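For reference, chains read A, B, C, D, E, F and G in written order, and residue numbers begin at 1 within each chain.
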């Protein structure tokens, strides 16, 4: 199974070369991969019906990450959709994008997407599932932004990525919490005992985090807005990713987790709530739009909401309904998207206002569109009808008036939308479309036609899919064996009545669609404050905040940086002083000698001169005085070598400063008094801290210094009587080694600073 | 003595801090000189101050005649002084070059790189 | 500018400079036993060249030096590093001191060892580095 | 006897140090400060002389040697500055 | 200086044969060597001059120290008393010294006596400009400096 | 005993000269006169103290060091004084207003750093 | 008697000294540049190999027993860091052949580079706190000089801030060392660790620990101490930026890991743990927000260094084995990724002549290979799977969740999101967007020799990023072993002091 997943990635590597070689037939050639995978999965059907297939490949076992795959009914249904529709999409795309300069790249990402999607639905390991989850987001990003020179495409691609990856990050946290609840990263192990999960203290947290991921991916309210925008992608991408497969990843995840997480009040509330809102809102917006892809996108949102709601209801019927609806939707919506692409490709328009009467020029396309639309509307005997009946039954079964009424309203609107796509472009006079429309070539027609026909076939012969496929998927979702008895005719029952009413009302609504749009235009204003606007504002605000924060923090003023650092230091050190109640005890001045005090006095006054002098040369001279007094201190406290070094260094420093200073202007008092007072306060506090630290430290000597060893070892081991020098060149020669490299570096730096430029000037 | 020394070192730190907070790059460098002096003296003081006993062993002896000042601390300070000098030399030339390119001794005119 | 440094400075400088060099070597040689050593000696030697720089200009100082400070630094660094490797020949850890006694014609038995070699490297590097800095700066001045 | 002489000497040198420090602060011109600084070096030297009598350790004279030989370099540096800069910035 | 080197070599040989390298022994060697030179090579003009010069150096050092102390006291008086006695000025004194070394030594010695301070030598080396603290009588001061210079040159030449 | 007296005397005298130098530097009205005080008194003071040191120790090595210090001071102090005084003069730092003569005035050309002697005044 | 411990320091020192001696010959320096860095990598690899097999290795320099002499200690973390230095240096050396011209070479680029590396490796390997200061300074002065090489105005401005703040940090470090020495009388880190653990009332020691935290926080670029970094990292040559970005801040982090496990174990110093936690969170957040505000390639990357440092500190602050593993994994991942991103910015500069996102564009069309090479480290930095950054982030976040550090996990996730935002911004602006005609007209490519070498070094690092992701297990095991060593400071102390503590 690993190979099955990887095959897509591997093929992707060769796609550009293949496109160069196979040229127009690249799509067809590449379609053989999903096709053969489809067949392979199909052959596994009987086996999976007996028992799920599992295969494990180690990846990062220490982190519990492995490439473990789990093929049960649910994964198989998804895998078949991915490969099956994938096959058609590859063929379609090969024709649709024929001769496009970036076709090679397109197939790279499409193949990668397919592989990632397969990996996602097959993964048993939470983390490998997450890995593939994120890969679908990235490939989706690359595909939405396929027309990358178009600013809108870029914007939409980014929006989609931010929403899905943002949700993905939360999902990862959710997975980690989930795994910590069950002590494993394998879904098959985690889901064995649902009660354990539901009763766990972290249940709510894990659920909310995971739902966040699933809802963003599957465009549930309030994260739905990225999906219509994703229609900036080429139509094959919309058909495949943003309708049939990727957006269902979230649904897949909910379904997958149902045995563990499902059935609680929170679960039902969240899923039905979000699903219901999404469903109604999606189809409402679909009916209000006039762009064919937008309409389809919003109706996809409606479908995703429906699926979520069904999983949320969680009854056996609901689960069977969900699986049926999943399949049905993939078929007709895939077909409709591809047809939208054909219209765009052949007639050059995506707007219902400018396309009419196309059945005359493209009858086959029209036929396929009609079939798919009928399935969408849920008209007898299409597969969509079967699904819709089950949907009504489930929502009746939930005994919730709200759900029921929402479902009915949605169903009515769906009919109107179905009419819009099934009737509007095809009937009436031939409009003057931007391009002279022709019937689509076979490569474009094959996919929609086949899917449309299947919509009919599965409706008429629902046993083809009900046993083996849908019931085993539903069993996997329910966590117990379910029998899906799909039938066209259940007899006259409430569901059928509702269905009938919705068809009629829906058609009427279609006839009044313009008026409906006019009535409901208040919603446009609402949507200005909707989630998309909120998201955009959020991102905008984030950037504004960043700019404000950064221009406050990284403002270019060195002294601000230094003050921040110093204040941090003062605050932290001060708080330890206070918290640990450090009392300074070393306050002996009895051993004071007058001349030492005089030297210190001169030192301090020289320091003051260096600071407060209005002449910088006076400051430098004061530095010299500091140097001599410090050297004297070193002498008085028995450090002749240090003293010598100090004097020499100080002399050289003064020379250096003098060499440099003559070019610089005289001091100016640059800071206002207030600033100087503030700085002085900080400076004094720093000085005070250091004084206290010295006094505190010398009062708390915990250990004697190792220095005695050096004194004893100097002559016998170090062969020298100047202990300091022996330490420098022998005991701690490595310090000295570093030190001479510092000097070297400083010299190179100075050299480079001065010379590099002077040669520039020459040039 | 220790107390006075500690206070003096505190003054050095305070002065250094005050100077590096100034806008003038020359003052900045003077602050750096003070800072390195302060740190060196701090090590010297904290390691313990011994009068009249340099850590040099008389000729022909194996050990000094009596306790001597801490040679390890002195070696550390020596290293620190020389490193400080290297760094300072660099800093001095840096302000010289900075002045040449910016034509001002004012840090406030050197904030364009950040913003 | 200071085209002709004062005659008095120049003449005294010519006398003082070798004195400083002499003093530097004196400090270097006794460093292991008395105050002095590579650093201090190197700084004094640099002071000698700085003096030369002051009384007779860069060109002359460079001529006096006869080599580029970078060469001196490089050589010093290599000497110091090499002194650390000598112990490897004797199968001891890096930077282990190796001492030996040599009979020199006038001075008699003299103990020499790798720490002194190390110190020599330090001496060279300090001279090279300080001079590199001073000469560059002086050059920029003109 | 020596010790009281040493004490008096310490006192006198400290006094001198404080006095010359006033000149260092007052200036008014750069060379005045340099002169003060030079004297400070000399005073340091004197301090070292007294201290080496006081401590009985002659190692400190090495410090004195270095001061005696190198302190004038700073003065030469300052003088160079003065000649380059002229009277424009001498305080 | 050749003769001085000779004297030094003799001193070193003295140290070598006596086998004790101490300062005092070296000084002793120098004195012995000087005596030998003074007796043995008194007919060689060069050595004769050398032998004559050494005591002059000693005398000059004495003169210089006296000068140093006297004029220091003069300045001291001026410093310690509130009234100002000084009458400073810069004067140009013609130079007899010719070589760089001569000029420098003269100038530095002038600088080292209180009350006079060599400012600079004219580019043509004809005069030396001296800052004088007690310039009551310009000619007297100049005479004094000329005398001082002649004593220095006497040793140097 | 005698050594102690001599040493003490030398020490205190030396220090007195140092104080004198400091006072002179503080009290004198212009730069050259301050230098008259510091350079010489300082050198003399240090010289005396170093003599005291060498007498106190009465060891060749110490004496050599002490005398070397005196020698170095005698060598460097006048040069330093000369260089500063010259530079200050050249830089135009004013002399005391009661100055008697200034025979250097107007004879120095800062551009070429040429210093004329009085004989050259005509050309 | 294990010279291989010192070789990662000595090899670059020798190479630096040699290339300094060869200042007259450009080509000789280049040869030394490549051979030296390869030799360093080999030395580091050998060391890692030995440490992996033999445990913590100790070299008592000069044969002076610890704590008297200076000990070099190579535990796994140190060996890993040294190896990473080797990797980065080889790639930068190759890259430098293409971008560092005669002038830069003549004025000391190669000696500076090698000594920088020596300083970095010295800081990694030393077992002595004062010796650490020395190597810090080597590293610092080398970075000063590399920073100004070129002499442009922005370099000078950046360098002044960089130098001043880092010198302040050095002074604080020196102060802290002095105080510590005054109290404990020793400098050897193992000895210090042993002695500190036996001190009962350690209030002042805690202050010293705080001073260390501030010092290393400055070096690491942690909030609120990072200002020097964004002020300067975008100013030097790209190869230099890459070296800095890859290595310098990580030295600060490494030293935090070292000091706060061996000398001041976090658990025993009350204030350090909460401080580190807050520092981690704030650093992540402020850094990433800083990046979001930028529109210049290298500035964005610079701010991201800061935010990523936050994750590494988080690994230390949580102090569970998993957290430390995550932190170490993060360091490994980040060094390679961040250096690579800087190198890529240089290649983009060569192709288009600008670092300004608004001026750039169109590279996806013209250089698809480069686009892929950018995406790999960029997405890895954002923590997207299956690249190296994902595992790093995953481990740390998992560690955070396991100890219920919810706010920190929340911040980490949010920062991951914003990291993606910035990387995508670069992607969209530099690669997807078309260059505006005005920009295309005003900019000129900066053609130079050996562009192939630039691509080679970028590809090598990208390959490593992918390899660390796909082959995360061995890297994880390495990080795990290193983390376990860190958590058992007694073993470190025993190895250095050679006695049962």
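What to note about this one:
Just so we're on the same page, contacts are C-beta pairs under 8 Å (C-beta built on N, C-alpha and C of every residue); 3 or more make two chains touch, one makes a residue touch a chain.
Remember, it's a predicted structure, so these values are computed and weren't measured experimentally.
Interface comparison, D-F against A-G: more C-beta pairs in contact at A-G. With centres computed from CA atoms alone, G is the chain lying nearest the middle of all the protein shown.
With centres taken as mean Cα positions, chain D sits 20 Å from chain B. Centres computed as Cα averages put chain A at a distance of 62 Å from chain C.
Note: centroid distance chain E to chain F, computed from Cα atoms, is 16 Å. Centre-to-centre separation of chain A and chain E, using mean CA positions: 90 Å. For chain D, the set of residues touching two or more other chains reads 13, 15, 17, 30, 34, 36, 51, 59-60, 62-63, 65-66, 69-71, 73, 76-78, 80, 83-85, 90. Annotation for chain F: residues 23, 35, 39, 43, 61, 72, 75-79, 82-83, 85-86 touch two or more other chains.
In chain G, the residues that reach two or more other chains under the touch definition are 13, 16, 20, 61-62, 130, 134, 137, 141, 144-145, 148, 151, 160-161, 164, 168, 175, 179, 181-182, 187, 230-231.
Looking at the complex, you find that chain G touches chain B at residues 130, 133-134, 137, 140-141, 144-145, 148, 151-154, 156-161, 163-164, 167-168, 170-171, 174-175, 177-179, 181-182, 187, 230-232, 234-235.
Here chain G touches chain A in the complex through residues 13, 16, 20, 61-62, 64, 67-70, 103, 107-108, 111-112, 115, 118-119, 122, 126, 130-131, 134-135, 137-138, 141-142, 144-145, 148-151, 160-161, 164-165, 168, 172, 175, 179, 181-187, 191, 195, 199, 203-204, 206-207, 210-211, 213-214, 218, 224-225, 227-228, 230-231, 270-271, 275, 286, 289-294, 303, 364-365, 368, 379, 384-386, 390-391, 394-395, 397-398, 401-402, 409, 413, 416-418, 420-421, 424, 428, 431-434, 472-473, 476-477, 480, going by the rule given at the top. Across the complex, chain F is touched by residues 22-24, 68-69, 71-72, 75-76, 79-80, 84, 86-92, 107-109, 111-124, 126-127, 129, 131, 133, 135, 138 of chain E.
Here chain C touches chain A in the complex through residues 31-40, 43-44, 46-47, 50, 69-70, 73, 76-77, 80-81, 84, 95, 97, 99, 111, 113, 115-116, 118-119, 121-122, 125-126, 128-130, 132-134, 136-141, going by the rule given at the top. Residues 17, 20, 23-24, 27-30, 32-33, 35-37, 39-41, 43-44, 60-61, 63-64, 74-75, 77-79, 81-82, 85-86, 89, 95-96, 98-105, 107-108, 114-120 of chain F touch chain E in their complex.
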